[in-house]
């Protein structure tokens, strides 16, 4: 069984390794929050690169330490780029993070997310409704056929997505992170509940997307599970600290990025969390 | 005749309703200011979702309380997505806001804006040159054949666009908002002049686009005219407040978003405006 | 030979002219930093407009005082838009700035950058690895066949790119700006080393891209060489000033844009630089 102390030790190693080696995590992500994703990746010590074309996705998949794929604002070329990139990642044993934004909307989005089942994303990060809907799309336990996704918002609670998250993680052999008031991270066996964050996170666009990108940075240097736990921890820590320094969402976003940058390995490992087995 | 007191009462209702119900206003908008649009929509209490693909535009048109369409940075897929989305909005009686950015540039832009005449956008928001040029494109009074649009900037004054705005509003049966030093909003019969704002609004990109998105949020809960008046009022209020707190454009943008978030219904209704009949 | 005093006098003229005439510099640029590019252009006194479609690129090429082309996040339509736009710029004798982001990645990127050799960009701005790789791609002195570009980061030093920069500038008859700790700008005969900036510039995305856009604004009113020197100087000045006002990257970006806005012509001309002949 994983103890809190074990997990904290691995968080510290991951954070230090990123700050030391500046790993590149390429992204194919949506245009709404693409700048926030890149700046968050830089703030924690990683390097960012974004592309759209098939052969460039393939290049990044091979060149990067990990890759972040977010299906938020699909364009036609994604129909070629995403399967090729995901396949390349899978076949080269490279870690990748999937953000199944708004799963259930549109035919291309549905078809792409269906294909990703075979390419086993190392980390899946989403809100509760997205995690439940993805499990449903993949025919796994805890999923539902009908999506409760409303645009990009969740209408389900994190705990309601626990079974789906566990099933997804067992299928991929990686980890799943469910974002909400208390965040849930699982590798299919251990479940971490990570505390902190801020009510302002729902008042800025891209908190979830940029977390996905940051988890990608950590996934370049550690296991999917520790990457997801570490990314979530630094988000909860920075969110809590930032909230105390501002009274509006734009001020919060600025302070949040600054706190991502300032957070030390010990700070991040010390952010409150609980762990249980399933 | 609409009195100021009537309008103020409806502004208060609209602002409170948005804060209470968190309505989703989807957008198909340009990549330059897409993040600002989303964050402004969240700041006033709405929910945002952005897409590019035809069936996803159709989905958002049906699922959202209102939709914002901005033709700023067209890509080829817009040629399919925008007509389908606008048609869906029109046929389903859903409110939508059109931002005819840079009307007069390019063949696809011209063709799309021409088609929108039949789908009667509930609110048209633009600068004076855009409003005059759109009226010209649609063959309405107050328009001119030759566009004075210079890229995304206006070279005409708001008052010069009054006849065009009235003609457009009478055609659509909705409202038109002309942004400038003093903003003009009309439903074709009443004309509101809204005061406030800041010289910094021309020193940041997206003040107009994000206002369009915010008007979309209000249009989900009130009439096009009140939505346009309310959005303009909160922009003028937040702009004036933000200017007093900073001495540079980036500081202004941060404070502006914070003030959008903090503005109460009474604050917004109390922002100075005049009303006249035409 | 160009003296420092001559250069400073021309910097002052360029800065004043931009503040007075608000020249438009259109862009075809990447989606990651497109907002930052526009806001930086506005902050120094220019006007921004971004497009993706072929006939709109052609329009901007003719209508703008100068144009900025950045190949950061290519989509399929760029394959038509960029050659047409570059050709239009060249044939109309209009200044344009090329940012050869991540040269060496992908087939379309390589093909487009190869074609640009004939259209002689007035200013080429990149990091050391990009400048060396572009010279290699164009078969010029100082270039290497194999790219050392790692995603969007440089792995070479500015001074290592001096020969490539000189060769590129002699080919185009314009100027080349190499960004790094100390920045190098050359017209193929004089070399300016510009000092200042901040370590935070590598912790935010888009410092280089937005510099390219700002150089485009200055290129609308002065020579390519002075435009590149002026843009680099205001970046180094604003970077240094901003760093002293913040302790995190997001705070830095805000202060940086504010300082771009506040910098006077005399401030910019007074930013430290050295000049030598080659």
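Going by the order they are written in, the chains are A, B and C; count residues from 1 in each one.
Just so we're on the same page, a residue touches a chain if its C-beta (ideal position, glycine included) is under 8 Å from a C-beta of that chain, and two chains touch if they have at least 3 such contacts.
Only a predicted model underlies this, so the values are computations on that prediction, with no experimental measurement involved.
Visitor: What is the shape of the graph in which nodes denote protein chains and edges denote touching chain pairs (line, ring, star, complete, other)?
Guide: Basically all the chains touch each other, so complete.
Visitor: Is it true that over half of the residue numbers where subunit A touches subunit C are used by both copies, so same, or is it different?
Guide: different
Visitor: I need the rotation angle between the copies subunit A and subunit B from a CA superposition, between 0 and 180°, in steps of 5.
Guide: In degrees, rounded to 5: 120.
Visitor: Please tell me the distance, in whole Å, between the geometric centres of subunit A and subunit C computed from their C-alpha atoms.
Guide: A distance of 34 Å separates the two centres.
Visitor: Residues touching two or more other chains, restricted to subunit B: which are they?
Guide: Residues 31, 35, 75, 253-254 of subunit B each touch two or more of the other chains.
Visitor: Within the complex, which stretch of subunit C touches subunit B?
Guide: The contact residues of subunit C facing subunit B are 24, 26, 31, 34-35, 38-39, 42-43, 47-53, 55-56, 59-60, 63-64, 75, 77, 253-259, 261-262.
Visitor: Quick one: in the complex, what on subunit C touches subunit A?
Guide: Those residues of subunit C that touch subunit A are 30-33, 35-36, 72-76, 102, 105-109, 150-153, 202-206, 246-251, 253-254.
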